[in-house]
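What follows is a pair of complexes built around chain A, which joins chain B in one and chain C in the other.
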Partner chain A sequence: MNRRLDPAYKTEILYLEGRFDVHSLIQLRTWQPNATMPHIILELSQVNFVDSAALAWMVRLNKNVSNIQGSLTICGLQQPVQIILELTRLDRVLSLTETLDQALAKVGEY
Partner chain B sequence: MTTFPPSTGTLNEYAWHFVRAFQQKREIREIIVLADELARPEPELPNQINGISLQIQRCWQFNRWDTAQRLMREIEQINPDAVLFNLQFATFGNRRIPAALALLTPALVRQKGIPSIVLLHNIMDTVDLKQAGFAGNQLINWLTKFAGRIITRQLLRADLVAVTIPRYVEILEQTYAATNVLLAPHGAFETPPPPTAPSTDCWRFLAFGKFGTYKKVETLIEAFAQVQTKHQQPMELVIAGSDSPNAAGYLNTVQQQYAHVPNVLFTGYVPEEAVAGLFQSATAVVFPYTSTTGSSGVLHQAGSYGRAAILPNLGDLADIISEEGFDGVFFEPENVTSLALALEQLLLDPARCHALGMQNYAAACGLPISDVADWYLLHLQTLLRQPAIAPRFQQEVL
Partner chain C sequence: MVDIVIPARIDLLVEIASTVRRFLQTLPIIEQHPQLIYNIELAVHEICTNIITHAYEFNNAGSIAINVRFYSLTNQLEINIYDWGKPFYADQRRLPDLEHGQEGGYGLFIVEQVLDSLCYRRTATGNHWQLIKQLGATYEHC
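Up next, the complex of A and B:
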């Protein structure tokens, strides 16, 4: 996982790759969103699989950032990931965009 | 709306853990459980945790014709923000008409404009009626399936219908053109402490659940008897749990039928506080299922305690196992030889038994039911933000 801060948007961008599952969550265990960068963008263009543990982590993250007046935007979904989000209807309740630029524009609206 | 302990109705244990998970969510002000009435008066289990108020109203009964009416009366009186149904097709009865009538409740709730989610643990399209205790002649089975489709359509009138198996989403979308179905994970009941190593002094195979419909133990006992005659190691088969409400007297009959097989222990109903000890005392957990079952709470429990699983080669269960990271030794359902081989595989390879247990432990740690509750809350919050939707009178009936 790589991270990039965008202070202008008070945004932290997390770049994930490969399988995003219960095992890859281990590297996120110590990471938490914080009030100085309350907006989070998950950039998933290099992710080809997400499991239910990863989806649950996104749901939890969405809740956590709401608690600090922030937002979660997920961008760059590959088709298998898009299908899983549709199957779980999380595509209807989480904020999704096609590209990172669109995600940043969306953050700008908050 | 659910069965709820100390009632022993199916899904009671899931409900217990699910409600406890919701009780820890700050977004919720109050939870009211519309539970099944108890056969005889018993105190409610201690359930006040973390300050969120929980009321248990026992207001419906298995196999009663007026369940929907009684539930609606309660719901109208409470006027909740949302109703979450924890259901499977036989939740309300093993007699077709009372069971079917009660399953209309989510549609009635929807008509009242109260947001509703149905967590549907199985779907009629994949239920083997004979295995589920609804067997009749072919005409009756056809009529039951036909009625099942009508009831499924009615259940789909809820705002959202959550299922735990991807194939169920596909079936409901393709067969019923449903657009309100979602896949939701089952979740693990507890945040499991590190598992204890299974005992190998006495190999203890555990089968746990409510037996008699699609969970049958005859094949298991016969397979265990075969393994026991071939190997000298001390071993025991523990059949823990009670009869399914749809198969009263089943375990007594089996116990008498196989009284000649030594080292088979029938525990009867296992109270919540004894469940941990039961799983910790087991070497491996066997799933003597004969047909589709939806996701398995028992598999999650086996994983929580780091126990290997011996599983039937059934499509739905196999889906869940691979998607949620569980693994086990597989056997062909209702095949004594195949199950005996599976038992032997673990018996002869304690290292593999341990490794499978640890893999299941990792899978069970992956997604606690508390996270699943967040998942439902997110969907509920989205529903609550939507403007009230007019009843779907225009939806086709069949």
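Up next, the complex of A and C:
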């Protein structure tokens, strides 16, 4: 996982790659959103596999950032992953964009 | 056909997934359908995750046996997954709230959505999950 801070947007961008699942979530255990960077963008264009544990983590993160007046935007979903989000209807609950630029523009609206 | 027995550990889920994927990619009926391969790989991953987290409660001492076979006459994929951990209780299962989004309960829901059949039975010594996916048309002999 790589991270980039964008202070102008009070945004932290997390770049994930490969499998985003119950095993890879271990590396995110120590990471928490904070009030100084309450807007989170998950950049998943290099993620080729998402499981239910990752879906649950994203739902939990979405609630956590709402509690600190922030937001979660997920961008760059590969089609098989997008379809799983549609299957679980999380595409209606989570904020999704195709590109990182669109995600940043969305953050700018908050 | 694929037969594997593997330690029930979270870090080995990727090995299970890649073994299943490699087998699926040898099937002409499915090799050009990446979404189908993804869905089946995800279904096996979810069942194995449940086994590791619930049947074995992360004790790293159990094992999982997986048998994957394709019946070309009926175009049916059958995956049998066995473990020797605690039983699964369907009545304790949490169902996802699809309207509001909740933090769990998606695993078995996804499996049921992407397969044609999911069966569970408790055996004398453990658990048996059977996953069935129809990969193409079936032809009845007249």
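Note that the second predicted complex is superposed on the first by the 110 of 110 C-alpha atoms of A that agree within 3 Å, B and C clash if a C-alpha of one lies under 4 Å from a C-alpha of the other, contacts with A are read in each partner's own complex, and residues count from 1 in each chain.
Throughout what follows, a contact is a pair of C-beta atoms (placed from the backbone, for glycine too) under 8 Å apart; a residue touches a chain by one contact, two chains touch by 3 or more.
Note that this is a predicted model, so its numbers are computed, not measured.
Of the two partner chains placed by the overlay, neither chain B nor chain C lies in contact with A:99.
Look at A:69: by the touch rule set out above, it reaches neither chain B nor chain C.
In the superposition on chain A, A:34 makes contact with neither chain B nor chain C.
Touch criterion met: A:79 reaches chain C, while chain B stays clear of it. In the superposition on chain A, contact of A:2 is made with neither chain B nor chain C.
Partner contacting the larger number of chain A residues, of chain B and chain C: C.
In the superposition on chain A, A:19 makes contact with chain C only, while chain B stays out of contact range.
With both structures placed on the common chain, the touch criterion links A:49 to chain C but leaves chain B unconnected.
Shared interface residues of chain A, touching chain B in one complex and chain C in the other, are 21-22, 51-53, 55-56, 59-60, 62-63, 87-90, 93. On the side of chain B, the complex with chain A involves touching residues 160, 166, 169, 182-185, 323-325, 362-363, 365-367, 371-372, 374-375, 377-379, 381-382. Against chain C, in their complex, chain A makes its touches with residues 19, 21-23, 26, 49, 51-53, 55-56, 59-60, 62-63, 79-80, 83-84, 87-90, 93-94. Those residues of chain C lying in contact with chain A across their complex are 10-11, 13-14, 17, 34-35, 38-39, 41-42, 45-46, 49, 53, 96, 98-104, 106-107, 109-110, 113-114.
Interface of chain A with chain B (complex): residues 21-22, 51-53, 55-57, 59-60, 62-63, 87-90, 92-93.
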